[in-house]
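The structure follows.
Chain IDs A, B, C and D follow the sequence of writing; residue 1 opens each chain.
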Amino acid sequence: MQAQHEIENAMPAASDKLNIESIRRDFPILNLKVHGRQLVYLDNAATTQKPQVVLDAIQRYYTEQNSNVHRGVHYLSQLATREYEGARVKIQRFINAAESHEVIFTHGATEGINLIASSYGRKFVHEGDEVIISAMEHHSNIVPWQMLCEQVGAKLRIIPINEKGELLIDDLEAMINARTRLIALVHLSNALGTINPVKRVIDIAHSHDVPVLLDGAQATSHLKIDVQELDCDFYVFSGHKVCGPTGIGVLYGKSQWLESMPPFMGGGDMISSVSFEKTTYNSLPYKFEAGTPNIEGAIGLGVALDYLTGIGIDRIAEYENELLDYATEVIGSIPGVKLIGTAREKSSVLSFTLENIHPHDIGTILDQEGIAIRAGHHCAQPVMKFFNVPATARASFSFYNTKQEIDTLAEGIQRVIEVFG
Amino acid sequence: MQAQHEIENAMPAASDKLNIESIRRDFPILNLKVHGRQLVYLDNAATTQKPQVVLDAIQRYYTEQNSNVHRGVHYLSQLATREYEGARVKIQRFINAAESHEVIFTHGATEGINLIASSYGRKFVHEGDEVIISAMEHHSNIVPWQMLCEQVGAKLRIIPINEKGELLIDDLEAMINARTRLIALVHLSNALGTINPVKRVIDIAHSHDVPVLLDGAQATSHLKIDVQELDCDFYVFSGHKVCGPTGIGVLYGKSQWLESMPPFMGGGDMISSVSFEKTTYNSLPYKFEAGTPNIEGAIGLGVALDYLTGIGIDRIAEYENELLDYATEVIGSIPGVKLIGTAREKSSVLSFTLENIHPHDIGTILDQEGIAIRAGHHCAQPVMKFFNVPATARASFSFYNTKQEIDTLAEGIQRVIEVFG
Amino acid sequence: MSDISELYQQVILDHNKKPRNFRKLESANREQEGYNPLCGDQLTLYLEMDGKVIKDIGFQGSGCAISKASASMMTAAVKGKTKDEAEVLFDEFHRMVKGELDPEKEENHLGRLTILSGVREYPARVKCASLSWHTLHAALENKDEAVSTE
Amino acid sequence: MSDISELYQQVILDHNKKPRNFRKLESANREQEGYNPLCGDQLTLYLEMDGKVIKDIGFQGSGCAISKASASMMTAAVKGKTKDEAEVLFDEFHRMVKGELDPEKEENHLGRLTILSGVREYPARVKCASLSWHTLHAALENKDEAVSTE
């Protein structure tokens, strides 16, 4: 009910612009006061806030539908199963997967990548083989591959980046060889904002019969994702970064890969039959969903994606680009500010340093002004090392942010400079 | 606020009995009508319902506290971290763990067992070694061990059970040998209701220096758990079976084991530093918590356990035993009913069959009467095989159930018999 | 609320109690396993094919009243039919229990099988009714793997 | 809301800009790494011990103003002190930044170090202030592993 109303409000027929005031009303937390100031939430790359419709869906689930899924004949179990599987179909549509069983519910992007590293890895990556990642990966897309490579004796190879934070894609061709088993690449970098030329990477990889995993943890909330058009072999993302709940995420995989891979975890739901002598595994997607899933999380994520679709991902992207351009202008022109990550293709993330002032001090002082940004290595220490900074301050934007908030951020940075004299 | 109020209501000073009417008001879903009838929810072993305080905590989290944890200096991030780590301490107290870092958040019992099988397994279980489970395990405590044993060439050994569904503990001593690396045992069987003599198993195991993992998925909501008194090495359970949300669970492990084990998944939060040359892992509990955790789930679980503690686990256990005794009497005396699982030590689960009527037909007909029970193999196919039944009907009780509901179940079963003539 | 006796009609209860063709077929030249992993319903189908014709058919297994009655009625319905005729029935039956074919409105060859149409009101039980049909379909296609309705 | 200038006092900003003893100590006979994995703050501590006495001390590394100023002030405070005296300071400092010791109310040996007491209002930054102290503590205990405040 309310969702519908708010979404309509957000889309005034007369204009193609977002009605930000109306959208902000959908997010109750945005009214919060922090240290006596109006909250300015610019930490969206860490996690997004949730619209009321998602909270309502969770409430409704627990007050009218809650049951375990899949194994029950009773009413609630049927209802919960329908809602849970309905969420899978919503996600299938959102990313335009060919089949709903190519959508595996995970607990987040990190688990999705670990699933591939463990399951695909155990089956297809052997001693002497190679896996390629890039120099701008999140730790979630580094450590699982390091663990795999160490276990099987494979080699991890790194596509380098340039000073703007762009992928040196020309180096990729020379890096692929007969031992290359997978390329795992971030779609949109959380530390730099870089949008990678994933379509070209996939084309190159496929011309060598190498599959590609995209880490879409950041991309999914800012770009229209079409896994069939991208032709990626695997795609992962997290619910909590696309206005959904924590503890839920998605792994998309092409059927033929998922069919050929062994299960990741063992337990209920992922089996077809169990005996002490012989256990046979269930078909997709259940083979990869052991145990009771995060039912409320899946349902909440489905509603979150509906909400985003209701506003329109293209319009969201357009508005966010406007915000980023404005922030780049306003923040970038403050004396002493250095932007980290200046790729031509970029979205929603503004990483920066201030001369002689450590990002943590920036973070603490801004926090006193009610402004939430992130200060640190953003789980991308190799990126920090590349740019030779211990950390950066990072403001990251969502469609519910405003230019006024960016102005407040600029004032906050002036205050930081003042404090440090 | 409300929680306090309701909990106090539930504990009238004058009596040591539970005030069930008041408790039921805490669970909004119990008012539901199903097929025009009052819902009678007797599928608690599959998942429990949630008290309003848990839903309120989730709402509050998202409207006042939501942020990513651990890595932020800003207010919301601090708040979310405090709530998340506060939940860890609540859980520590609930199971009486010595240290809060011995409490690892997982996504459920299934993930907890898989974590041990993968991490402990990879480190300590080698070719020719043995792992012991029992004949009454849930698939979650069978399949991970089958997968491990197949991968490393170890052997899975099974402690048998008797016709009552009791563990033949005398067989255990003979089964343990120098190659035994772990005993993984269900604390309270979901298919039979049997409470295993886990203290004795642990004593025997430890006298041979063999560690013990207990699957507490069922036990945690029905028995007082004290991991130090039990002296178990690992203990797992799921939030959704103890009045908490789905998608969250707990792995308890003794520090010395957890310290010695390699990480399960790689990603953010579980590292101390990452470079392409060398990555070092974080300390406990973070080493085992890769990626953004289920923050709302952890907080909701903490509140759920507070709620149970507020009522009193001992009083819950006492009341549930009363319910089980009553149900055993009333249902067990219906002609044609055969109880499956008649262990002397038993709790909260009544598995049964009806002569010549398949459990699924029982389930469907009861559902039309508004009664939710489970019909199937309960993810324990080896148990079904042992009792030579394809499936059972299972009514499982929680402290919010009543004797009247058991009477309704008895009438429902009469109706089933009628339909089948 | 639909009346439960719509689902459990006398004919169905009767097929459940005394299933037709409930036997291992010694003369079988095709054998097919069917399995419903969620319920544990299990069935083995034996076919004696004479060219394109199902000359004889039998089944064994365990399952609920719906799956047993459905299997029994299926065997009775397809015995003596050709592969193609059986496939038509499979398609029509499948659509009927999923609520996509209303036997009162759309022309069909289901005959007595329409007694099982009540199942469409019970989504949890559709798989029970269709397990034997899926197994038949696989047997006719001569697939190697066990069939599962999941 | 506590005033931010309570935290970033002039003395602290000054130590941040011109940290004392900010150098590799060639004469060091103990060296200890300290690391805050959440922030990325990193520091190497060099100690020249003469028996029980900290004869000389130096540090290098990178971190925020709080961690750098704290390290600088720590080195100034413990130089020339005995191991036991330094451990007393470690304990007192640690309790002060965690809000367990109020330097106005409880007798202590903190002296100028109390300037850092403002940190207790900023839970996220307590680790920054205490990293160098933890590292010192480890160096005095002669632990082998790198110290981490996690």
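Throughout what follows, a residue touches a chain if its C-beta (ideal position, glycine included) is under 8 Å from a C-beta of that chain, and two chains touch if they have at least 3 such contacts.
Only a predicted model underlies this, so the values are computations on that prediction, with no experimental measurement involved.
Trainee: Relative to chain B, which chain has the most distant C-alpha mean position?
Mentor: Farthest chain from chain B, going by C-alpha centroids: D.
Trainee: Using the stated contact rule, I'd like to know whether A-D or B-D comes out ahead in C-beta pair count.
Mentor: Higher C-beta contact count between the two pairs: A-D.
Trainee: Could you state the distance in Å from the CA-based centre of chain A to that of chain D?
Mentor: Roughly 38 Å, centre to centre.
Trainee: Roughly how far is chain A from chain B, going centre to centre by Cα mean, in whole Å?
Mentor: Those two chain centres are 31 Å apart.
Trainee: What whole-number Å value describes the gap between the mean CA coordinates of chain C and chain D?
Mentor: Roughly 77 Å separates the two chain centres.
Trainee: With chain centres taken as the means of their Cα atoms, state the distance from chain B to chain D in Å.
Mentor: It comes to 46 Å between the two C-alpha centres.
Trainee: Which residues does chain C have that touch at least 2 chains other than itself?
Mentor: If we look for residues of chain C contacting two or more partner chains, we find 38, 122, 124-125.
Trainee: Considering chain B alone, which of its residues make contact with at least two other chains?
Mentor: 35, 71-74, 77, 271, 273, 360, 364, 375-376, 381
Trainee: Specify the contact topology among the chains shown, as one of line, ring, star, complete or other.
Mentor: other
Trainee: Which of the residues in chain A end up touching chain C in this complex?
Mentor: The touching residues are 70-74, 77-78, 82, 271-273, 282-283, 286.
Trainee: Within the complex, which stretch of chain C touches chain B?
Mentor: 1, 4-5, 7-8, 13, 17, 38-42, 62-66, 68, 122, 124-125, 128
Trainee: Using the touch definition from the top, list the residues of chain B that touch chain C in their complex.
Mentor: Answer in residue numbers: 35-36, 356-361, 364-365, 368, 375-377, 381, 384, 390-391, 419-421.
Trainee: Which residues of chain D touch chain B in their complex?
Mentor: On the chain D side, the touching residues are 35, 37-38, 123-125, 148, 150.
Trainee: Would you mind writing out the residues of chain B in touch with chain A in their complex?
Mentor: 28-29, 32, 34-35, 39, 41, 43, 46-47, 49-50, 54-55, 58-59, 62-64, 66-68, 71-77, 107-111, 113-114, 117, 138-140, 142-147, 156, 158, 238, 240, 245-248, 263, 265-271, 273-276, 279, 290-297, 360, 363-364, 366-367, 370-376, 378-379, 381-382, 385
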